[in-house]
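Two complexes come next, and they have one chain in common, chain A, joined by chain B in the first and chain C in the second.
Up next is the complex of A and B:
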């Protein structure tokens, strides 16, 4: 199934933000916005839900801390108890520094791995969307023309009214952009 | 617009830049052929690295007997250098994570370079404990892995095991944070470079980044999470390094103030190193409009603040020793200030407490040559701080019969020079192949700054008219 897209290119973050807000209030489906730097407030303008990646970080951190704490107690008190300076085999307070470090390590790496999975980033992948300058100084708003009132001409007029400096119509297949 | 507005801080970066101009300016140094200064710097660094490699090979082949350490002074140059380099690294994480949480926008001009400094400094630091274990080819025994010796596990009660975990975690998380910050800029490089090997590498590493707002939203959250994790991490790392000392019963080491004292000292020395490097880099790479006098001024103030903390720690240590009534404790501190290593002690106090006092003066903070010289002196002072803590505490311990002196051998000195070679080699390669300023972050921060000014400027304009 092919999709009909209109790509509006903008020169400033304010313009693309205003255009995205207007498109959303008109009920037009926003495919995505592309920008060289994060735009403050664009997620609300597009109506994006809050990301749940913090959950991956939390779960990873808890797992790392719990695993290493169990491992420290198991190795020091169960698998091969060694008397070191008369200290108790299960020296819980002394196990905390490493528990903390492993919580940070697992929490941080889980968050990054989850980001790569959810955002479908992987080494060597070609960028799904490209338009001149979106990693430099241009901002792109991509709208999908799904219904009859959204003709190419009307979308073009809308984008022009919001100070788009370049407009393209694209037809893509399936999940592509 | 972005001109100076009365009552507002000067703009983040000078020259009222467009976004495209930022990309061009920051990418320029990695797209043009490096100049003579770069090649000369690389030659000197590689020579130092080669000398260090030779020294390390020799001491691994022959053994730790090539060091000047003895039965009393069992830790000396190696551990001094380890703590010195780890401390240098801390400013990078402070700038990238702590100042991010504190919403200090100026950090965007220096965070990439400071984080790179962290990575290279931790690499240099790691070399010393590896050699110091005596048989570096068995260094993997530090990791608790199932082995055929029992399995015999590492002693998790030991601060040295904590250190292994803290430093490895610190390196991995710093490298991850640095790379995550680099992804959007790698995409920028991918899209603007001529076809070739470097463009293909940038494309491979940019992970298919296209600047999608959905990805940006998740990316910013993960960046925030990493900053939130790296902030306690950086404090924990130097705390644990300080516990290598504080959990021992040696007078002069066995002190509860060690953790905050070490953390403050680490940030102090690291900030000085950032200043040293950035003052050179901004001129050589022609980024004066990005790393402005204001950035230097703010960092000099951070050096001044942390210098005050370090000075307070010196006084507290002395007071605690005198007040404790413990004769060994009292002796160690009097011996530091008046014994055979008094010259090292007063170099430390002079460079770390005396010299930074000049940063109280705005005219000093804005004189870049002076800031450069002072930051070098702080680096010297902080190296001596670690030397004083380690050597003066050990060389005269409880029994006068076991007192001894300590002189580093040429092998130890060459190893230190070698790590400087490694550090600067990595740094010069970084300046040549990676954008030294976080392009996307500077753009975002500059636009926010500019929008705030635009929102405030009309009010000021009306006041001016009235």
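Up next is the complex of A and C:
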């Protein structure tokens, strides 16, 4: 199934933010916004749900801490008990710095891996969308024309009213975006 | 809470605390003096902490706190009351410190902890803090008249100087006023540890005052959930920083296990002290950490509960540092410990409300105000 898209290109983040807000309040489906840098408030303007990346970070952090704590206790006190400075084999305070470090490491890596998986980013993946300048100094708002009132002409007029500097109409396959 | 009610409660708490201190001095004088040292140190630290908050935000170029900067500014007014309490302890009950009670120390420590030098230093620390509090708050009040950016430039210079001066003087002050209660014990990280406690306590006080004033309608349009959210992040961060430094001190002493160092922890893990020792960790880190974990919590009443727990933890932290060093035996909490804390809370409210009422609740002509009002956390 093919999808009919209208792409508006903007010169400033203010304009794309305002256009995204207006499109959302008009009830027009926003496919995505492309920007060379993060824009404050764009999630809200697009109506995106809150990111669950922090959950992946939390779970990864807890797992990292629990795993390494078990591993330290197992190596130092169970599998090969080692006398270090006359301390008990199972010396919790000595294990805490490593536990902390591994919690941070696993938390951080989990967030990165979760992002790559959810965004389906992998080496060699072809870019799903390209427009001149969106990795440089341009901002793009991609709208999908789903229903009859959203004719290409009306969407074009809407984007022009929001100071779009370039407008393209595209037809893509269902899985492309 | 309106300023009028704040003043009203301030007077009541201070009066009740004063009566309690009087009774305490009659019944358990030693414990009451120790309680006074705890409360006065906490109050003075909260007062100078308000200035530290402003200075750190200023030197780091943070504009988001401008909308509620009058809160830490007015908090600085609590410094004189804390200084007065400290002076009362030092002058009226010097025997709290063994080396002022006749114990002779040798070498550099003996010279450093000589009475005249000790009192001179205390006057210098408190004098410097009061001077910078006055200078930094003055730039903000002067800006209300002409809105000139040169006041901001001056505040940046003063803040940069104060951050360095405060770091050194507060470090030494925590050595002088708390660590020297046990003059043979030492920990080089003690100053950082005290700074961590000071800052998480200050953020907690700012959170509670901000929410109270907002409910009374005083900061209504200026203070937004975005600001609370970032204050919540700071509280979360500095509570964790406190834990980090707490652990740094405890672990190194545990690891080397030298008697002259470990005696500090042995004393605080004996009998029922151990419960308080671990409760300290729970109140200052575990509970606020869990409460503030979600985004939602930092924008709702949950942040106020977390701040309340941190304030309780702050008192317990100072109690654990000071009380076992000054008084022998098992822990006690009675009128001698509670009354000074109540008086300190009353004086803080009173000084804050008076100072806050003396200027517009928002620095209206600060050039950075608009950035703060439109801030996204």
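In the analysis below, the second predicted complex is superposed on the first by the 176 of 177 C-alpha atoms of A that agree within 3 Å, B and C clash if a C-alpha of one lies under 4 Å from a C-alpha of the other, contacts with A are read in each partner's own complex, and residues count from 1 in each chain.
One rule holds for everything that comes next: contacts are C-beta pairs under 8 Å (C-beta built on N, C-alpha and C of every residue); 3 or more make two chains touch, one makes a residue touch a chain.
Quick caveat: nothing in here was measured; it's all calculated off a predicted structure.
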Counting only touches as set out at the top, which of chain B and chain C does A:94 meet: first, second, both, neither?
both
Partner touching more residues of chain A, chain B vs chain C, is chain B
Counting only touches as set out at the top, which of chain B and chain C does A:164 meet: first, second, both, neither? neither
Between chain B (first) and chain C (second), which, if any, makes contact with A:135: first, second, both or neither? first
Requested in this report: Classify the contacts of A:105 with the two partner chains as first (chain B alone), second (chain C alone), both, or neither.
Outcome: first
*Could you say whether A:75 touches chain B, chain C, both of them, or neither, answering first, second, both or neither?*
first
In the superposed arrangement, which partner chain does A:155 touch: chain B (first), chain C (second), both, or neither? neither
Q. Is A:41 in contact with chain B, with chain C, with both, or with neither (first, second, both, neither)?
A. second
Chain B and chain C footprints on chain A meet at residues 40, 54, 94, 97
Contacts from chain A onto chain C in the complex sit at residues 40-41, 50, 54, 58, 85, 93-94, 96-97
Chain A residues touching chain B in their complex are 13-14, 32-40, 42-43, 46, 48, 51, 53-54, 57, 61, 71-72, 75-76, 79-80, 82, 84, 87, 91, 94-95, 97-98, 100-102, 104-105, 107-109, 111-112, 114-116, 118-130, 133-137
Chain B contacts chain A in the complex at 18-20, 23, 144, 150-153, 155-159, 161-162, 165-166, 169, 172-173, 176-177, 180, 183-184, 187-188, 190-192, 203-222, 225-226, 229-230, 232-233, 236, 240, 243, 439-441, 443-444, 447-448, 451
Interface with chain A, chain C side, in the complex: residues 247, 250-251, 254-255, 257, 293, 295, 376
